[in-house]
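Each chain gets a letter, A, B and C, in the order it is written, and its residues are counted from 1.
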Amino acid sequence: MRIYVIAICLIAICILSAGGVGAQAPARREQLVYSLTAFDGASFSKSFCPPSEDTLYFIADNSSVIDARKTFIYFWPITRRYMAGFRSLDEKLPGTIEILKGGEVIQTLQRQTYTLFYPEGYWSDKATLYSDQEAERRFAEYQSAVEAFNRKLRDYYEEMRIYREEFNRFLEEMRIRRESGEEGITNIEMPQEPSPPDFVDFYASEPAQGFILNLPVGNYQIRLRCPDGRIYEGSEKNVVVFESRRTGGVGYEIIPGNRWTRRESVDDPSWIIHGAGHNVLYFNPYHQAEYNELYHNKLEDPQNSGRIERWKWVHIDPIDDVHMVLSRGEEILQQIERAPYFVKQIPGPELGYEIIPYDDELLQRGYQPTFESYQIELSTNLPPEEYTVSALQDGSAEHLPESERSIRLLRKENANYLYPIAFFPLVFGIVVILSRWTRIDR
Amino acid sequence: MSNRGGVVKTLFKRDFVYTFYSWGFYVVLFAAFMISSFILKNFLDGIREEDILVSAYPLNYPLFISVIVISIYLVMLSGVSISREREHGTLEVLFYGPVTAGNFLISKYFKDLCLGIIALAFCAVYFYLVSLTTNLGFTAGLVRALVMGVFMISCVVCFGLFISSLTGRTRSSVLVLLAILGGFLALQFVHAALIGMEREALSTPMLYLRETVSHLFRGINWVSPFAFLNRGLDAVVLDSPLLFGLNIFYAVVYSVIFLILSIISMSLKGVKA
Amino acid sequence: MIQTENLTKQYNGFTAVKDLNLKVEKGDIYGFLGPNGAGKTTTIMMLLGLVRPSSGKVYLLGEELNPRNVDVKRKIGVVSENQYFYREMTAREYLEFFASIYRVPGVSDRIDELFKAVGLFNHQNKKIGAYSKGMQQKLAFARALLHDPELLILDEPVANLDPTSIKQLRDLIEEENRLGRTIFVSSHLLSEVEKLCKKVGIIHQGRLLAEDDMSTIKRRLSDTVVLTVEVDKEAAPHLEAVRDLPFVQTVETTSNIFTVTLEADRDYRSDLSRALFESGCVILSMKTKEMSLEEAFMTITQQNISLLTAQEDKS
């Protein structure tokens, strides 16, 4: 009985203490933080650096933006991260940022106007940072494109209104003619539906103010100097500027035909695709660069963690102007062009997906392609050997650098022979030792 | 051949040949290959029928394990090679004659290195047979890893010889080796654990401890032969000729330094246990 | 062949050898006598360059010792007190190994010759691990002689050997000496050194107490000889006949045994035998009760210490 009472008490304590945690508002404090718009190899990552982090990370020889701001921060115990309340308080701190190397100031940064320009649209990962007049110009270009789009949109709405009226008239005319007994093809001209204007295919963020930082590889310190010459307390941070360990290669994302939701990456040139049985694989190539895991994770958000001894590949850009080849040694087995595919849901008890080529029928039925990719089929007719898949620039016979990946079709059924193979040193030893014994008198 | 060369060759030949007349070498290789077979069997079982598995050279990991097992055997073998001869008195008998610390150590070094090379040749045969059986690739990367393995084994052997040159008895050598390698391993473990922790979760003394451990870890990276092994095989995976060459250079420098230290230490310590 | 000048070795304040001045001439069989712990092995290790002297010099074969000068070492053969072997090798492989180190010409014949000389010819393909202590000692001799050395250094060479083997090795040593080899024998057995050596040096507590011819040393070690004589009847009635002899210092009887102390200036055993015979006794056995080395050292040490003390006072 006593044990039940103790258990109930313990559960009650746990519930009450948990309730306490939930009810307790995190303590907010006013702090200087650096807001970061850091180039991550492909695009820009936005984050902020709380006082708990003493180091900022940037990629060398690329522009990133930092800004010193006063805001409320609080520690969120569930995620174990500091959060910033920029909506409650967001005060840009005046002054200049000094960059120090070996204790000496090597650069003093003034706030500049900048914009992030997305040439492939807002949702694309690709972005470029422009500053000063170029930033203004890019934004103005975007604004005028948006205004032009808005004008076209207004025109479109007007055309649609007219179209609907004409269409209604058309339907009315048809109805009247049918009611009057007219049959067959009528000679009434059907109104043409107007097409909506294409949205602006690029995007530029509203120009903002910040300190643009572009440094070569090295370790630095930064600090914020007030207009009165003082150094802002808590503004001193270390800066690690790093570069990619390997760059210029091609990485692949593979969509296995039988599990389209669980994709594979074959980024590192040393990685090998091992296959058993029949497989249909969809390859998506990317330009990529390799960065230190800790540095890159911290660049994306200084509160992230990572391992300094590990490396990660970052996909910079999808590659779509190439064709791929599957070869065995020098012999080319398949040449594969990029094509659209459609993922069809399989109804019924065997719920799942099926990837099929996107064709005119799907187009006429109003479906859009689910993805575009390079399809490689590894049939069971292929002997279990080593194959190579690689990307070639259209119109060229040269492989893109570091684009080759090995595919090995395995003989899984022979796995049990692995243990007997391990005995061969012992057999060798027995022969050597026996031959020695025969030469010794006993 | 010069007098010294002749002595080195004779000492080398005796040690080298007689290692093959005992079971140790074969049992170690057998153990390494059994572990490798276990890993590879699991790898193959991990690929379902009509599916793929992406991995780095799958033979590299078992090769790495095999090289580690062989290295542990060689570090122990070289680690007791001088102290055992001191303890058994055979070193003293050799030094009655025209044998010097230098040619004795060089013969021991080449003996252990050649044993390592033979062990790697066994690895090459094993992995080739595995490759024939399963079509797991016997790649150029594997050949590069085997070549790099020779230089890594050189570091391991020189480290073992150095420890052996400091100690008078086999048991002391083994204990010192175990203590040092255990220390390296423990430090690596503590470093990994501390680095994995959030700064927020660490008190000030723990932060200092983390800094200290980090510095020690960096230092150990240039002292522990197994760190050289890691870096060398990393260079193979990275497929960078520069890193490959650089790691070979580091391994050669490391070996020369430890060999010289061993000769000095052996001359100072003498022939008696 | 061997010369040392004020050779001294100290270990952490303990003096193992002090101001040792040895001189071994070419062709000598030099006995280096001393009780256990006297500093004999340390001296040998210094002679071989395996222990660095704290001070003093060593000259071997006319050259000042340089541990890195392996050419001198090629001319020396050593048998140590304890035998250390690669036990996994056969005896033949072992000698072949050392022959290769010393670059011995005509290896096979030389090894056969040595195996025959030490009586191991029929055991040459056995693993050394299977050898008895005596066989190992003989093998060590073979190894030491393998490269035809000019100087043979033997540290306690007959320890662990049975009488037959001792005789065999003693003959071998004498034969090697006849062939012109200089032999340096270190031992704590006075009787052994006495049988082999022409010249003797005595070391005690790291100091060379005496260095001279064997006969002189023997005289210096003791001026009396103790004999035990067993006769065929009760000894006591014949006590007077022995006591009255001029060279007898003391005599005691127990049952049928006389214990007689004689002067050591010459051998009086035949005179004593005659006197007992004339007194009507038949001698059943007569044994010289040798002074143990420790007793001898005690004698000589007392003399020497007095001498040394006197010299130090003078200086």
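What to note about this one:
We adopt the following convention: a contact is a pair of C-beta atoms (placed from the backbone, for glycine too) under 8 Å apart; a residue touches a chain by one contact, two chains touch by 3 or more.
In this text, all values refer to a predicted model and were calculated from it rather than measured experimentally.
Of the two interfaces, A-C and A-B, the higher number of touching C-beta pairs belongs to A-B.
With centres defined by CA atoms alone, the chain at the far end from subunit B is C.
Subunit C has its Cα centroid 49 Å from the Cα centroid of subunit B.
For the pair subunit A and subunit C, the distance between mean C-alpha positions equals 89 Å. Taking the mean of the C-alpha atoms as each chain's centre, subunit A and subunit B sit 41 Å apart. Touching two or more other chains at once is no residue of subunit C. Multi-chain contact residues of subunit B, defined as those touching 2 or more other chains: 21-22. Those residues of subunit C that touch subunit B in the shared complex are 48, 50-51, 67-68, 70-71, 73-74, 76, 78, 80, 82, 84-86, 88-89, 97-98, 100-103, 143, 147.
Contacts from subunit B toward subunit A in the complex involve residues 20-23, 25-27, 29-30, 33-34, 36-37, 40-41, 44-45, 47-58, 122, 125-126, 129-130, 133-137, 139, 141, 195-196, 198-201, 237-240.
Considering their complex, residues 90, 123, 125-127, 130 of subunit C touch subunit A. On the side of subunit B, the complex with subunit C involves touching residues 3, 6-7, 10-11, 13-14, 18, 21-22, 88-90, 92-100, 270-272. Those residues of subunit A that touch subunit B in the shared complex are 52-53, 75, 80, 245-246, 254, 256, 258-259, 264-266, 268-279, 281, 305, 307-308, 384-386, 406, 408-412, 414-419, 421-426, 428-429, 432-433, 436.
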